[in-house]
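Below, each structure is written out as structure tokens.
The two complexes that follow have chain A in common; it is paired with chain B in the first and with chain C in the second.
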Partner chain A sequence: MVDDEAQSPENAGRRGHEPSRIDRRLLEILVCPLTKNTLEYDSARQELVSLSARLAYPIRDGIPIMLPDEARVLEY
Partner chain B sequence: MTAPVLSHADVNDAYSRWAPIYDAVFAWVMRPGRVATAALVNQTGGRVLDVGVGTGLELPMFEPHVKVTGIDLCEPMLDIARRRIESHRLSNVEELLVMDAMDLKFPDASFDAVIGPYLLTVVPEPERTLDEMARVVKPGGEIILSNHIGAESGPVAVFESWLGKRSAALGWRPQFPWSTVTNWLARRPDIEFIERRPLDRVGLFTLIRLKRKASPQSEALLP
Partner chain C sequence: MSSQSQPSPSDETHFGFRNVPLGEKQHLVDDVFLKVASRYDLMNDLMSAGLHRAWKDVLVGMVRPSTTRPFRHLDVAGGTGDVAFRVIEAGGPDTEVTVLDINPNMLSVGRERADARSLPGLTFVQGNAEELHLPDNTFDAYTIAFGIRNVPRIDKALREARRVLKRGGRFLCLEFSMVDVPVLDRFYEAYSFTAIPAIGKVVTGDGAPYRYLVESIRKFPDAPTFRDMIEDAGFARASFTRLTGGVVAIHSGWKI
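Our next item is the complex of A and B:
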């Protein structure tokens, strides 16, 4: 589920630009807005996942949306 | 003079409307603050957080040794910033993220400098934003702001007062008082005031430099 390199073709940018790689460094310094724990990158769904908060923050056009209101609630 | 009230929704709505024409309207008049900010950051280099990066007008001004992370609340503005990064092939812009300036998702002391070009007039709570900027900058690092500071009196003050009633539609506050910054500084002994400098002859915009003091105590706590 966590993969820094692979990009699935169907997620490769809606507007024809190169999909942004999510930097390993960014994952190290970003924290979940709610729990302050680190996040994991789901390259297939283009989401940054906080397992502790059970939330997935969307990445749209290579831009992570780090707003709790925009996050998807993970199912148990 | 108090700062007029702005909500997140006001700011997001206004800038979603501004995004397509923002550069045409504001690029030129606000260029001096961006140039001055980039010049300061280029001197020191390192990792920089650009709070309210918007359409990324200043991004091509940073030298390659400056590694930039940009955040903004407004996604349509960041879409333009991303296209700018692609067209200028800016490899030193590490990431763009949609994030609330009053609630940064970075751990303490993450950046060598934190900049806010024309930011404080557009955030709902300027002091909370300054707290967050101070939290994520490393001890010894600078907070560099450029902003319109409201006139204290005279015809400009009257005009700004009139314009201030339209803050919600504009998406920013024309009446931003200097006391917002001094009040914040008064309760933050860990922050040093370095400089307040006019950016143009009419005094429309001002550059403000603050520094998080490099206290041995706070450094000892860092890994």
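Our next item is the complex of A and C:
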């Protein structure tokens, strides 16, 4: 479903992620900034996936980056 | 991103006293705050002689988070956490504050400070005030302190603020305004165009970002004009309070 080639350098495992730092309550309320639809949390990749916009928003150091410019484009 | 609405090349806005294409302003503003993030709060203290703390206290006094019921607050452009910490401290155990900033450096500073103080109920997220990644009718209050004049499309940010507020929720904006006291206005003019960039150069090694800040203050609409913009975005009972002779104003609007 997702395209590995488009992975950004930040996501390529330069340093360990800290999934525990992501606030559950925050994840529950986040929506896609473009479509305002709900997101799916991919804990392995540390991404928030917007299927409706076909974008994956990165989470870096526990901070979700909800900017379309920074998102990885999903290809089906 | 292609799906993001792009302004046409002819659309311009101001970046300080220069005119720049709308699409370019955000990058220029990002650059300013990347340069100053680590010294931002120190600079605020020096530039305002500590007054920014009092102004933020007044702002949070108007937020009045509930101390007994759940209270959900959104602080936009609040990367370093200055306003958010005050809301958490004023609120009760069920007060939650989301800190949003477009600039990762400002957020890093804020999160480090939050960790050091081990404040509960705070979350940090990088996002754009014009295109909030938050659902409709979610927050009891929205604050933006010294942030709105850096947003390229202010009308868009105001509409987004209204969208994410609950009915009965309050929008509050602390921003530099026009000094309306004789003599003080002359002094303020001289101070801001010479002293502030000079202090900025000494503290952060670069005067240019602070020259932008001063110019952008002059370009920001006066309080009655900005109140009209808040009304145009759909807020009710829009009003403003001038502080310190009009150096800053707090604007308020309600979603009803």
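Here are a few things to note about the model shown:
Please note the rule applied: the second predicted complex is superposed on the first by the 52 of 76 C-alpha atoms of A that agree within 3 Å, B and C clash if a C-alpha of one lies under 4 Å from a C-alpha of the other, contacts with A are read in each partner's own complex, and residues count from 1 in each chain.
To be clear about the criterion, a residue touches a chain if its C-beta (ideal position, glycine included) is under 8 Å from a C-beta of that chain, and two chains touch if they have at least 3 such contacts.
Predicted, not measured: the structure shown is a model, and the values here were computed from it.
Once the two complexes are overlaid on the shared chain, A:31 sits against chain B and chain C alike.
Applying the stated contact rule after C-alpha superposition, one finds that A:56 touches neither chain B nor chain C. Of the two partner chains placed around the shared chain by superposition, chain B and chain C are both touched by A:66. Once the two complexes are overlaid on chain A, the chain A residues touched by chain B in the first and by chain C in the second are 23, 25-26, 29-33, 36, 60-67, 70. Of all the residues in chain B, the ones that touch chain A in their complex are 69, 75, 78-79, 82-83, 86, 94-100, 103, 105-107, 110.
Chain A meets chain B in the complex at residues 17-18, 20, 23, 25-26, 29-33, 36, 60-67, 70. Residue ranges of chain C in contact with chain A, taken from their complex: 1, 3-4, 96, 98, 102, 104, 107-108, 111, 123-128, 131-136, 138.
The touching residues of chain A, when paired with chain C in their complex, are 23, 25-26, 29-34, 36, 53, 55, 57, 60-71, 73.
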